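Right after this note come the structures.
Okay, so chain A shows up in both of these, paired with chain B first and chain C after.
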Partner chain A sequence: MKSSKPVSERVIEGFIHASAAVAIVALVMIFVFIGKEALPVLTSPAVRKEASVAKLFLPQSPGAGQPAKFSWQPVSKVPKYSLWPLFVGTIKATLVAMIFAIPLALGAALFTSEFSPDWLKEIVKPVIELLAAIPSVVLGFLALIVTASAVQRYFGLDFRLNTINTGIALALAVVPIVYTVSEDALSAVPTAFRQGSIALGATPWQTAWRVVVPAAFPGLFAACVLGFGRAIGETMIVLMASGNAAVLSWNPGDPFRSLSATVAAELGEVVKGSPHYHVLFFIGVLLFIFTFLINFAGQQFVGRLKEKLTGAR
Partner chain B sequence: MFKRLHLSFLIFVSTFLRAGETITVKGSDTMVILNQRWAETYMAGHPGIVIQVTGGGSGTGISALIAGSTDVCAASRPMKPEEVEQIRRKQGAPPVETPVAKDGVAIYLNASNPVNALSMGQLRSLFTGAAVRWSVVGGEDRRVVLYSRENNSGTYVFFKEHVLKNDDFSDYALTLPGTAGVVNAVSRDPAGIGYGGSSSKTAGIKVCAVRPDDAHPAVLPAEENILSGAYPVSRDLYYYTAPAPKGAVKDFLAWVLSGDGQAVVVRAGYFPVKKKTP
Partner chain C sequence: MSRRWINFVSGTFTVLTGLACAVLVAAVAIIFGHVLIRGWGSLSWEFLTAAPKNGMTAGGIFPAIFGTVFLVILMTVAVVPLGVGTAVYLQEYAKAGSRWVEAVRMAIQNLAGVPAIVFGLFGLGFFIEFVGKGVDSAFFGHHLVFGQPCILWAALTLALLTLPTVVVSTEESLRVVPKAHREVAYSLGATRWQMVRRVVLPQAIEGILTGTILAVSRGVGEVAPILFTGAAFYLPFLPTRLNQQFMVMNYHVYVMATQSPDIDATLPLLYSTVLVLLLLTFSLNATAIVFRSRIRRRIRGR
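What follows is the complex of A and B.
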């Protein structure tokens, strides 16, 4: 069978297979590289003396006689590499971003797919998607210079560079992703659903909320998960606007230091081969695993929901 | 970023001009501008000599000197004994230390802050997080917002050693890239306090006077106070060479300490060293 294909087709097919393979190989190589650089945290006695896994996750005393606490102070007489402040900071900022982004993005998607006239949709959809084209350094700059003081005044916060302000800038980066995916999901719901609902006497709002949204739910959920992954990995906005203080606090008025911004700020000038260097790669591995698991879990959940909703397979 | 671009351009150009002798200067980011000015002025007067300047931080420069990959290491802190020992082992002789300029680390406050002077002890308790409100040091009753540098900066290390006596910075210290970032942030934050090289001047900030201890008056990081040692938060900037400088490097170092070389220091916003005294 295969031999009956023309040569040109087989060449193209081979090329496409190779392209797919390159992506997979690159992914594996990246993981192997950062994994190799992170491994000394587990294996090298010299590195473990300063930064063992226990030290990354358990509280450490900042000095003789002082109570143990979680802190990220890599340049110190006793270097401290607790990852908790970074974890908490990353999650805190991501949650704030999602609180702002999800209602906005889902609301906009519901509006354009169910309620807006076509001409308006033609304007709104490309404009929101254009948000994704804004470089994150521009959003970061905007948050650092323009919105920080306004947000501080509005919420009455101690810090100009706080989590709420950064979360809003992150939300701007997340909205286009959540919007695009959820809009596609809502539009993919068969028109027959809507016609049936209207025919049974439901109002357009009842149709949208009780019929279209539940049918598109797996897609909407996937949109949120993708947005979450984007927010966790985002570096530039966070690096510029978060204040980068490694504070162990859930208060959204406090500054924070994220995992990704820590790597970005410190990897450039850290001494190669030092415990600090290997810990930064360890953070890279954790970020990698983190986003991978979130996407994987999201997909599994979506799959199960889809089965339930469509009653098929 | 433009500084980097400018530098790489200089390096790019200098690789083509490598007619005569090349001197490499590597190290402290604080000193990059100063090194560059020295290089430009010296090269203008000495055709045939090419000086390549790179930053990367004092630690980077010292590593390069240990590895023998730079002629001159610029450092904003003195070398540690173990670094000297490493050079002695690798190069057969200890490095030669030459103080080439002085720098005062200024304390910046927002122009609206009623506080004008702080003691070293107060600075320490503010930056370690022991005191969290301005009222503790005679200011308004509001939270102190600390602006610090990233932990790979020479200024960060200097401040930590000299002001914090090697204690850790407060976890709530916000870190910003570069003195310009710190100054900018303090100018926008009425509760802000930051530190950085003394050559930065921006609207909306003021430089805080510092009391060395209770027996002495508060002084500003002005030239006479830094040269006399009355200003407590000042430091020497060094050139290190290993082995002992000779040939073109020796000439360059001698010129740096000469009247012409020290005039460049003043133009770059730093303070001259009196010859031969650290």
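What follows is the complex of A and C.
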């Protein structure tokens, strides 16, 4: 190395090296600083009296002699912090969203990569990418004001703000990521695979189903996993359209309350340092860990796809 | 199985996948069309330049537009140098395939998957409670200056959220620059930075712009990270300093949709605000798509 580099050059190269560390540092700091505020749930006696881990996860009796149950009522005379209604709500909405999103996104990806003429693909792909440009607050607004009554009527449900309606809006937020990742996976399958299959007399659909989809399978699976992660963390749609009722119910016709929406709705009004405050950060840590694991798993599958198709490690 | 049966099944499934495409395209068209029709009527010059009146049932959204622009400019100033720096490091400085590079890449991908609301918690716990309070006690004698929700912390929180977007599209465009161009620069005696500055970055400008535009679009749309870090329900003045709260369009939509005293009177204004928001994000993303297809065409053209 020449030591005669001008100072300005050294400064800028220092900045370039440092900026690469920002993503790692940010990820660690997110965990540390949210974890720091969540820690009293495990350590502080005052907080644990109201909201210990056992109270978050095990059924609690609301008063002497009454049967134990799971309830989330942080602002009541005896605050109750059971996370189960929130878990169930989050999972229920995510599953409904995936039921709508996966067939649509995978079907569309299959069509644009295997069957559609190029000119059509040039139109469809950007339009689906535009779906990603719709802010979640807009989808939440439409679900709350426009589609809620229609969905209630169509499915004959008891509640206007039900899980099916929210799930559909959530599906629209998830489709772009599932579509993009699976389209990439399908396009990465070498053309020779398809030519071989067609030469043996298979129809385009047989080729797609028996040759291309199996080859791209890890990528398609990754797409669904990443979509799942996105749906779990999505906040504004759920906050606006779910009704935010913390009821322990798997019924898709009922309203629900999710982990993310709980944080968004309650953190603004909570007393700093109270058990409630620390529980909300604890929920943040759980969301962070869930999505981190899900994304990590998704990336492993994408990596496996690359290995499979290129033979490289 | 007869040939005709096979053809029938194949055709059916092909049509079904086409139908999935049609549903998604229709969804985008219907959403935009619906908002356009309902929002166009009350969209006017006055709406764009006046402040909300009568508990947000009349007037306009100028403070929210102002806040959005201010917020996004601050965010861009923070995220673009960091994102481009990271991408340049990964493509031009780092040894490809090393442990550190893998770790940086993985961190970026994972950062992209962290829920927006978690960024909001982080902004509150780190920027406001830790950095802000720390600055206040060190420089302002414990007066409340930066230890509170404000536009600076909201912008920095959004900058972290959008960092992966900028890194990924900058990297993509750096990869397209031919190796020979770098070698020629070196052979003429350029240092690595001179080569990056004069040869690589000018060719990557489209990718950097694409990343910036997508980041801005994301920043315009996300509410969850700014809920506790600075967005205000209503402000009677425009923010002019970094430690003030601000109004912003997306949060304004949330507030009007969920907390209006008279939803029927608010609804036309609400639709118009959503229309402005959609026009903004759609045109930003459309521009980014055009830029990116130009870059991809260059890859294929080689």
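Assume the second predicted complex is superposed on the first by the 279 of 313 C-alpha atoms of A that agree within 3 Å, B and C clash if a C-alpha of one lies under 4 Å from a C-alpha of the other, contacts with A are read in each partner's own complex, and residues count from 1 in each chain.
One rule holds for everything that comes next: contacts are C-beta pairs under 8 Å (C-beta built on N, C-alpha and C of every residue); 3 or more make two chains touch, one makes a residue touch a chain.
Note that the coordinates shown come from a computational prediction; the quantities given were computed from them, not determined experimentally.
When the two complexes are superposed, the chain touching more residues of chain A, out of chain B and chain C, is C. By the touch criterion defined above, A:S149 reaches chain B but does not reach chain C.
Contact with neither chain B nor chain C is seen for A:S44 once the two complexes are overlaid on the shared chain. When the two complexes are overlaid on their common chain A, residue A:N251 makes contact with neither chain B nor chain C. Of the two partner chains, chain C is the only one that A:A264 touches; chain B does not reach it. Legend: residue contacts after superposition of the two complexes on their common chain; A:S76 is shown touching chain B, with no touch to chain C.
Touched by chain B in one complex and by chain C in the other are residues 268 of chain A. Residues of chain A that touch chain C in their complex: 2, 5, 9, 12-13, 15-24, 26-27, 29-30, 33-34, 36-37, 103-108, 110-112, 114-116, 123-124, 126-138, 140-142, 144-146, 172, 175, 179, 203-206, 209, 226, 229-230, 232-236, 239-240, 260, 263-264, 267-268, 280-281, 284, 287-288, 291-292, 294-296, 298-299.
Across the interface of their complex, chain B is touched by residues 62-63, 71-77, 80, 85, 148-149, 158-161, 243-248, 254-255, 257, 265-266, 268-271 of chain A.
Of all residues in chain B, only 56-57, 59-60, 63, 142-143, 145, 150-152, 156-157, 160, 166-169, 171-177, 185, 188-189, 191-192 touch chain A in the complex they form.
On the chain C side of its complex with chain A, the touching residues are 6-7, 9-11, 13-14, 16-21, 23-25, 27-29, 31, 34-35, 81-83, 85-86, 88-90, 93-94, 103-104, 106-122, 124-126, 130, 160, 163-164, 167, 191-194, 217, 220-224, 227-228, 250-251, 253-254, 257-258, 267, 270, 274, 277-278, 281-282, 284-286, 289.
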